[in-house]
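Next come two complexes built around chain A: one with chain B, the other with chain C.
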Partner chain A sequence: MWGPLKGPHIPPWPNASTPAYNGRTVIGYFVRRILWMIPLLWAVATVTFFLMHAVPGGPFDREKELPPAVLANLEAKYNVDKPLITQYGFYLWNLAQGDLGVSFKTNRPVADVIREGLKVTAQLGVIAFLYAVAFGMTLGVLSALNQNRLPDYFGVFFATVGTALPNFIMATFLVVIFSVQLGWFDVLGWELGNYRKMVLPVLALGTLSAAYIARITRASMLEVLAQDYVRTARAKGLKEYVVVLRHAVKNSMIPILTVIGPIFAFLVTGSFIVERIFAINGIGRHFVQAVFDRDYGLIMGTTLFYAAVVAFANLAVDILYAVVDPRIRYR
Partner chain B sequence: MAERARTVERIEELGEVAARRERGLWSDAFRRLTRNRFAMVALVILATVAVVVLLGNNFDAVRRYDPRVQDYSVVQAGPSASHFFGTDQLGRDNWSRVLQGTLISLQVGLGVQVLVLAIGLLVGGIAALGGRLLDNVLMRLTDLTYAFPDLLFIILVRAALSGRDWPVIGEPVPQMIFAIAFVSWVTIARLVRGQMLSLKERDFVLAAQASGASPLRVVFQHMLPNTLGPITVAITFGIPIAIFAEAVLGFIGFGLPPPTASLGRLVSDGYSFVQVNIWVVVFPAAAIGLLMLCFTFLGDGLRDALDPRQR
Partner chain C sequence: MASGKWRLPFLIAAIALVAVLAVSCGEEEEEEGPTATTAPTGERIEGGSLTVATLEVDSLDPHYSSFSQDISLARMLWRSLYTLDYDNVPQPAMAAELPEISEDGKTYTVKLRDGLKWSDGDDLLAEDFVMGIYRTCNPVHAGEYQYLLTNIIGCDDHFGNEAGYDESLENLIGAEAIDDLTLEFALNEPQPTFPIILSLWMAFPAPVHLLPESSDPWPEPAPGAPAALAYNGPYILTEYQPGDHATLEPNPNWIGEVKPTLDTLSLRFIDDFAVSNNAYRAGEVDFSNADEAQLVAIVPEFEATGEYVKVEIPITIGLQMQLEAPPLDNLDVRLALARAFDREQLNQVVYGGGHTPTTSWIPLADGGDLPEAFEDVIGFDVEAAKEHLADAGYPDGEDFPVLSILVRDTPTYRGVAEFLQESFRTALNIDTEVEVVDAPTRSARYTAEDFELFPGGWQHDYPDPENWILGQFETGGSLNNYSCSNTEIDELAAEARFNPNNEERLQQYKDINRLIAENVCGVAPYLHFANHYLIKPYVVGMEENATGQDSVMAGDWIAEAWGRSQ
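And then the complex of A and B:
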């Protein structure tokens, strides 16, 4: 659900169809994974480029038509008058040199727009991520320790409802209850350090992921708690909190780690809905606005940025996975 | 002698009982599903919603008002006997608009799964059975699609399709279905491939091949039916996700064109007036939440029913 459209992340290389990678080292595997990002980002850039040019209308369509001379000059400046394949070549050439181009609407460098938006998006994303991990794991652990008792019922309820309710529905109800009815928080905006503007966006963005983490933690903890070594630890008289924290929680982390990368990516890329609801000026709002404006430069920049975030998050998980679980070998 | 006859009778009786107990995977799964309270409640609610929505979009007696007609004498009304769900800022009846939106949500949710199933079976099946080269090409394609930021691509595909008068895809609802299916076929394709690869090595498939069944018969008669369980579960979980995607598109303004009321658009429109009238937001939002919850519960129930090991 957190994907939100795809299943859990599966590392692309070690699978049955590529036995050619047998006998290679972990380092080689990671180098290959990082190199894999180049064709990946190229593919994303290519598909986005041709898709967005297939969108009817152009960046310089105005309600009042521009004079032909002005239009011709604008199109020449942004290379829109050249054949599509030439524009594509130009774009890739600049991209290869690390130049994301300029926004067709405001003429500002896309990199600047992204950097500005990223500040807000990253604040929101990271805080929501911390909330999701901390709250989700705590709830999952408490649920598992009190299986089939009251805290467990609460945990299971939260996990089920939380994963099934989309974030903008959650946000809507939060705003209706806490802002409109009770007046505890502001309806709009984001400001670091001002709780009236922070609580609702973070809850709206992070709750889905928190519920998902709670669900996985609970299942994983229940499995670990039933293991023999936990019984051994208890039998030799260790204190309960040592058994829970050292033996159970630590070993139940592995399945959680596999979803933490996609969750992080989802919180950063999926925030455009929450940004729109609370009128927060993050990257997501820029992207949505750019599609409306046919702002080719900005569409490319934001999409590539998102694709890179997703790719790095997945890569980080694979690395983390190999470090935490020594049983995993990338032969 | 008589005792012996009785023993034979008894054995026959036992055999009959055993035969009666012997059920297929599907009837067995169905029995387990009926015992799952959450799934059954969800199923009943979904059936009710489907009936009401179908009636409401075909009979004026249920719909009561035209979802497009504006009535400035009852702007921003709360729920009442004449307007069950109240009215919006233009005096349009929310009950009829939510009915229309729910129908669209259901159409998109189910339609996407039909398309996803077709693409997923084709890609996954060919990858698993078509040799190493095809497998590598198709799986790299799947990996690439997986790496796309999905909602962004749905928005782009939707924007690229809008305003075209192509047959079938020219209609707004199929456009939406196509745009969402474009990025969400990956899960099913991977699932089908994995299932097919492991089934290929199973004894009953070897036995079928050994007894001279044609490759097509092996695939369609012996392998495909055995992949249906996990696929059914994945498809059911896919429905709420597609409904979510459609609602998001409507919410940010890339949904169906204006007079049509999709649930996401209703929430978004109502949100501008949330401080005046909360009901314009509450009902469509609750409708989306209810649909998603019910399909998720149904999916949970199906998973438990079809694969009892995975609890």
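And then the complex of A and C:
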């Protein structure tokens, strides 16, 4: 998730000999990145496929052993009795036609499972993301502007506790205090528009990211606020909010954007822990449960889906770099 | 960077926070384990709804299903020719009466009741029950409980056909609709337990008017499933949201004596019992399985109000030993290990006292023996254990090899392994190593007989001692992964299986039960499991039967009796 990003090219400050920024260049870059995703996803599929089969245990291993005839029929039903390379070929052929296969556990199309879970997970993930960015950046900016004063100490405290406290601990505390004891919110489920079912899952899922964003924002802002051009802006008599918003925040965005992409991918693809604690039917739990179940079909589908989301999220971040910093160009 | 004057207050605040957390986690007082209790009782009112927390089903197909939660739901939606009553005796359900059995015991004739209908109004006929049998015997579906129909002529031949579905083989299966209201089953051998088999989910009818061929796929657990199926049980499925909930309503064409009174029954799928317990406390569900890891807190919280219910279920867990791995091939070694650990203490320490210590493999309710029946043979006795080990040639554990204990990666199983490890070290002065693996790896190694010591057990498929023995303890049995091989057991098992004299048959299985203990033939039993439920006081009818059938919900064998008292 936090893997190295392909660095944008940052040329020296524009001068008369620098080529002018061109929209077609961005489109070309975008198309090239999309095409590169094909071999990327193929590599992910291949590594996952063979790694999955190398792990001990299979999809039909049970606490109570299955009779041999049942096992033989199950393996035939899902083509697991074929040689590995044949199974790999079947999988790639189906994948090329857009078929992600079926879950070995429920026999349901993987695409259906992902689609159903994604709707809920995406809603929760996007709202948690918006909370993390809005709250985290606000806290980070306020901390930086009030360095070594009370707001800064609160911000640092929140950032430290937020990143140190595992989200399953936080989620459990939230449920016990606010649902069971106080009855302010529900324990179970997610429903868009119903605050009783939204508040706690969003807090549990988004707080870690909010804390991380707060730290990055604070650090980046402090660096930018120490720059000469900020002192110049103040000396020119600009209002403080103009200095902060138009100069400081904008120029501190690059490091923040770098982490926001992976954070978005992480939140939108769901959290096994949060979905389990709130019994939310999202896609996050499928990622982990599929591995425990050795549900080969679902493992492949969810892994590929996740890889695609991360790839697109990183691409979006790279595009945003160019929007935020006009010095950045792509060719 | 915080200035110096703020560092001390921050440090104090941090210490205070940790202290609060530590205190609120609290000390767990050791309490005695929970005792068996009964479900709330009362008069049902008409109407109302219940929300029941349960595990999500993998399949809606009763001819394929194997997990308890799948079977629980299937029993609410369909019923077979017979159903097991409180004492697990087959009683007519869709059948008009008990079957007519031929003199040689190999032909069963069953007459249906008049006027049976599916929930959609179509007639429920003999051909629907035959189709249910055909589906279970069809290799295409790979039904995990097909082996229970193995004695029906032709079922194994079709199911084991490597080429898959074969209409000619299917037509040879010994299940036939003589007319619309009469079925006939032809068996390979007389089978006294056959009426029990006809009560189980693999013999549920299949709606021929919706699924005319036995290879037709049963609708998956998806939003479209309810409308694509017909039901003959007390409830119909009106809504299915994968991973979230299922909604049931009374079947207007249900023919049973006990009628549902609820307007709706909602099954809320929750994987984690700790989560469903919180939902129970918050009033979002009316029933939940109690989280065993928190029994020490749950019992005092709910026992006084009668909301906590403990029910013994047909699961026995024991320390399984691979008899082909020396020195476990030595009976004295096996007896030493079996007698070296305190079952009661294991129950208290690892399971919070939630189950029943036992030395009997077959539970009493299933035709076995009392838990303490073999206390003098394999019960906890350190001196006797040391003596056995010395007799085996390892006085005081000298030169005893390090055996491995293979367990699943869960806190409970780790606890069991560590308890056994410490017990063996203390009582016998021998070392063991604990191998922790995930569930599929553990199952794979178990199936491959690649283990030495293995905490594991058995849950009955049907309430008869036969199910505790067949395949598990005969030499070369398909489920005999611990290599038990005893001539006496083999002879008794062969005799009992087709013995038409029920009293004699049951005694034979008791004798096998004794031989298993005396020879530690693959397993030293240590616990009979129990289910622990939380049931709101206004819920009535959630009563387990005598053996606690395959259950994830209390009383799901007679869910039509569930209701509310207010």
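For this structure, a couple of remarks:
Methods note: the second predicted complex is superposed on the first by the 257 of 331 C-alpha atoms of A that agree within 3 Å, B and C clash if a C-alpha of one lies under 4 Å from a C-alpha of the other, contacts with A are read in each partner's own complex, and residues count from 1 in each chain.
The rule we apply is simple: contacts are C-beta pairs under 8 Å (C-beta built on N, C-alpha and C of every residue); 3 or more make two chains touch, one makes a residue touch a chain.
Just so it is clear, the model here is predicted, and its values are computed rather than measured.
Within the superposed three-chain model, A:A235 lies out of touch with both chain B and chain C [touch as defined at top]. In the superposition on chain A, contact is made by A:P68 with chain C only, not with chain B. In the superposed model, A:A226 lies in contact with neither chain B nor chain C. Of the two partner chains placed around the shared chain by superposition, chain B and chain C are both touched by A:V187. In the superposition on chain A, A:Y153 makes contact with chain C only, not with chain B. Of the two partner chains, chain B and chain C are each touched by A:F292. Applying the stated contact rule after C-alpha superposition, one finds that A:I85 touches neither chain B nor chain C.
Looking at the shared chain after the overlay, A:V175 reaches both chain B and chain C.
When the two structures are aligned on the shared chain, A:P56 is found in touch with chain B and with chain C. The contact surfaces that chain B and chain C form on chain A in the two complexes overlap at residues 55-56, 175-176, 180, 187, 276-277, 292.
Against chain A, in their complex, chain C makes its touches with residues 1-3, 6, 10, 58-59, 66, 139-144, 146-147, 156, 159-160, 162, 164, 217, 220-222, 241-244, 268-272, 275-276, 278-279, 281-282, 284-285, 437-447, 456, 458-459, 478-479, 481. Of all the residues in chain B, the ones that touch chain A in their complex are 127, 132, 135-136, 139-140, 143-144, 146-153, 155-157, 159-160, 162-164, 180, 183-184, 186-187, 190-191, 197, 240-241, 244-245, 247-248, 251-254, 264, 267, 271, 274-275, 278, 281-282, 285, 288-289, 292-293, 296-297, 300. Note for the complex: chain A touches chain C at residues 55-59, 61-70, 72-74, 76-77, 105-108, 112-113, 116-117, 148, 153, 156-157, 175-176, 179-180, 183, 186-189, 276-279, 281, 285, 292-294. Contact residues on chain A toward chain B in their complex (touch as defined above): 1, 3-7, 9-10, 12, 15-18, 40, 43-44, 47-48, 51-52, 54-56, 160-161, 163-166, 168-169, 172-173, 175-176, 180-181, 187, 269-270, 272-273, 276-277, 287-288, 291-292, 299, 302-303, 306-307, 309-311, 314.
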